[in-house]
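Paired with subunit B in one complex and with subunit C in the other, subunit A is shared by the two complexes that follow.
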Partner chain A sequence: MNTATPALADAGFAPLLRERARRDAVRAATAIAGLAGAVLLTADVAGFEPGRLVAGLPRLGEFLVLMVPELALRSIVEDVGHWYWNIGHWLMLLLDTVLMAGLATALGTIGGALLSFSASRNLTRGPVVYWIVRRVLEFARAVPDLVFAIIFVFSFGLGPLAGVLAIAVHTLGAQGKLFAEANENVDMGPLFGVRACGGDRREEILWAVVPQVLPNWVSFTFWRFEINLRSATIIGFVGAGGIGVELYDALRLNYYDDTGAILLLVALCVFVIDDASERLRLRIAGGARQ
Partner chain B sequence: MKASVSLALMELGRRFGEVEAVRRVSFRAAHGEMIAIIGPSGAGKSTLMRLINRLVEPTEGRILAGDRDVTALTGRTLCAWRAECAMVFQQFNLSPRLNALTNVLMGSLQRHRSWRTLTGLFPHEERLRAMTLLDEFGLAHKAFVRAERLSGGQQQRVALARALMQRPSIMLADEPTASLDPRNAAQVMAALRTINRDRGLTVICNLHNVGHAREYCDRIIGLRQGAIVFDGPPAALTDAAARDLYGAEQDEADITQATPELQTA
Partner chain C sequence: MTSRAELERLLADGTGNPWPMRIVWLALAGVLAYAAVALGLLGPQFVNGLPKLAGAIGMMFPPRGIEHMPEFLWALAETIAMGLLGTVLGAVVAFPLSLLCASTTLPIRGLQFGFRRFADSLRSLDHLIWAIVFVRAVGLGPLAGVLAIAIVDVGNLSKLYSEAIDNAAKGPPEGVRAAGGQGAETFRWGILPQVLPNIASTTLYMWESNTRSATILGIVGAGGIGYQLSDRLRVYEWGQASLIILLILVAVYAIDLISGRLRRMLIEGR
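Let's look at the complex of A and B:
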């Protein structure tokens, strides 16, 4: 029965395996120690002090309490009504914000999708085009959209146009990169199939690449929409339209209840959109390859 | 159906860095001939096949189709040549998320203007033709099923329909049966033979199954280390000759896999 086991042990593998396991353990320990050291170093450099964190926590609670007015159960409807005294105006601004985010996502995604092919190593027209498009995409997403917004407000004036453009440019950079990465992971077989049919580059991309990457693209796009909704909120701070202007005023003038009311409204909006986009995404990507 | 064009390879060669995948290959394929190319893995069979439709660029030699110099084609004329010599692949290479009918319609890309090929608005007659071809392979009922949902044998038959949709004069088949079970493999080989006989197409077929080569083909070309070492009718390929062909180098690197990577920035 057991005759095979001693033969295995005798083959001289044991020292080899032990040596290997020891080496792996040393490497893992070194990596963990290095990582921990790096985290501590950055925390020190960035002035992240646990003492201040602990001391500040009560004040965080204080701020949260300030943002919610007194709500009595007896008069809950009146109290909430009073809290949301400006709800009509806020909802209109919130709608503006959602539309800004949607339009910017659409524009940026279309641009990013078109550029993504030249930024994919497997589909690009050549190393020069690849290099240029990659740099363009990097620039578009390296500059924060708030900075773009300030520049565009300066050029195009106050209002949603500047905000939409700013977010669209940032979205183009982000989507272009993400899409390109999805493009680089496609199975190239179908592409050669279309090429062997006499298809040109556009036809190869449309019929062999796009069907493969579309589910990924859709899910990136919904995710980006959610990010852009937050961006569109913040971007109002510099006068680029939407509910941000109102939120900024409330914060600046220490209208704590208004701040709380608007933040809650934005959060609810994100929940609703997140839920809806999740459903839509699952339906569209339902048949995706596992 | 277009008349078959005679095809001549002249001193054709392809080098990947230090490796000579295909070296000085010359042969002439007659109208309506069915040729098997056999040889061990890494002998350069796939590369040779891809040189013919220029999926791989030759580094030496010339290809003539009739009086056209295939090696000199560029742009639209190159696409037209690819449409004229259809290819089926070992891995079928259908677009997995498109349905069978759309995959077959890809075979008609060359015949239509961009506004049709980039919108998918193919004319009704073409759609009908694609459907008829699917029906010929017993797959009309799968027309609206995504290619990825079909079995290997079904996918290869869709690929054959797509190839015929191109109205080719030459059919290239790169290991068309290697991913299939024996029954499906035999079906696909029989289909290729039928295409060759009934439509008069020249068929050139890479095979690793010497039995299939003997059974279905008029002529066998043996390739070893990129060069032709046998060329003759099945009867001339003795068991000794076949053994010799597959002989020693079992561990040769698989040249077909060695596609050079694009330099990244």
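Let's look at the complex of A and C:
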């Protein structure tokens, strides 16, 4: 580099280059110092003591060992059968969990899609509607679904209904925002075309916007389903249905074998559905703009 | 000129047979309808709960419990600390692991596949489940939360990092090799400069997401504001609960703002 630009260096670029290198170094040093400071400060706040960590690791090992019963190779079928003594009940709860995630994704996505047009700067009816819908979506997204679940369990009673509604509300916020961002990036040409043909707002959206954003929407929806499936496995911790109820009981009552069996089942289920969903997502929306 | 018959054939090709797609949609609608009935959405449980929900929301206004503010703010600081520390810890472990998960940096297919599956398995369990496990190991408090966030992050980030590495352009590393660079040098000068902005931006996104997750880990005793919130909700202190929810909204919003600004600086500044 230096050998190639002697003329430039003569013309006074060398000090500029040096200045730039110095500025970059200062910025990098500031960033590293800032991050280090933040990490040290938060480590203090969070009580992050390496001693406790080291002391805890053996207990973690113990816990993991307790969760798997003795399995002898000679009687592996009976042993696993014994471990999964309640498999029928657990599979039903797991099915409930998947259905909860699916229904909540569907409800939240439909609601989010309908609200997303009013939350897009280029399609909204007016600044007041835009502002209100944006705040509603932000609220629905920022409050964790578990918090909604506690409130809904109070209102609708124990069971999966509270879980479905809680995940659906959170999904509505997340999808509404993502969909609105996709809507804001559409090519406005087709929209003006529909308008020139005498179409109203509903027709403009249906014929000019939706066909453009649909691949992105589909991709976001699969992705959200994967997230919601994880949420559905734990929403039962507060009594809102699904396998989480059973898991929480097993943990609380120190049924180590059951805990291990359910955890393995949940991980396997999420793993398989995640993989299938990701494949489908890439196949259907592989060409979608990211 | 295309003949009319050919045009019709082309059009029919473009749209294809509509029935397979229709059957998929019908099946999906059927499953969802079954779920709506089985889970109690279409039924008296939903309708009967609505007045109670309205009552609960009504009791949340106005927010109360300003006298507990120092306690709430400390818990909020713990939550923010858990989010940041968990993300940093996760990223530090995820980066080397991502090199083993990317086919560019680990061309041995079987091994790379194994590492990727390992990362996937860390992601399969929710933060809250890991939090319970870590509470058993290191006791109640934010340390368990930090570890829970970090371990899920190792899975998430090593997947995302390795995808970034595999999507990097192949030209620059080839150029480094042509100039006599080997192994680590190819990565350092050919790939790392390409993926670093992507990795930084991904990590910042994960930080935002982790701050949200950290707000609820306290429900199982893993520290932070979630403990206060679930405690107040359990005893129906609706006013204090709504104050805590407000605090969470402010904190999440602030972190999003900071992260967004840092991301813009990274993308535009360099």
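The definition used in the following text is that the second predicted complex is superposed on the first by the 257 of 290 C-alpha atoms of A that agree within 3 Å, B and C clash if a C-alpha of one lies under 4 Å from a C-alpha of the other, contacts with A are read in each partner's own complex, and residues count from 1 in each chain.
Note that a residue touches a chain if its C-beta (ideal position, glycine included) is under 8 Å from a C-beta of that chain, and two chains touch if they have at least 3 such contacts.
None of the values given here were measured: they were computed from a predicted structure.
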item: Subunit A residues touched by each partner, larger count belonging to subunit B or subunit C; value: C
item: Partner chain(s) touched by A:56 [first = subunit B, second = subunit C, both, neither]; value: second
item: Touched partner set for A:197, first subunit B, second subunit C, both or neither; value: first
item: First (subunit B), second (subunit C), both or neither touched by A:84; value: neither
item: Which superposed partner A:207 touches (first subunit B, second subunit C, both, neither); value: first
item: Which superposed partner A:146 touches (first subunit B, second subunit C, both, neither); value: second
item: Touching partner for A:255 - first (subunit B), second (subunit C), both, neither; value: neither
item: First, second, both or neither for A:134, with subunit B first and subunit C second; value: first
item: On subunit A, the residue positions that both subunit B and subunit C contact, one per complex; value: none
item: Contact footprint of subunit C on subunit A as seen in their complex; value: 27, 35, 38-39, 41-43, 45-49, 52-53, 55-57, 59-60, 63, 96, 99-100, 102-103, 106, 138-139, 142-144, 146-147, 150-152, 154-157, 159-161, 164-165, 230-231, 233-234, 237-238, 241, 247, 251, 263, 266-268, 270-271, 274-275
item: Subunit A to subunit B touching residues, read off their complex; value: 121-122, 124, 127, 130-131, 134, 187, 189-190, 192-200, 202-203, 206-208, 211-212, 214, 287, 289
item: Contact set on subunit C toward subunit A in their complex; value: 31-32, 34-36, 38-41, 45-46, 48-50, 52-53, 56, 77-78, 80-82, 84-85, 88, 120-121, 123-126, 128-129, 132-134, 136-139, 141-143, 145-147, 212-213, 215-216, 219-220, 223, 229-230, 233-234, 236, 245, 248-249, 252-253, 269
item: Interfacial residue positions of subunit B with respect to subunit A in the complex; value: 53, 55, 76, 79-84, 86-87, 89, 91-98, 102, 106-107, 109-110, 114, 117-118, 146, 148, 159, 162, 166, 261-265
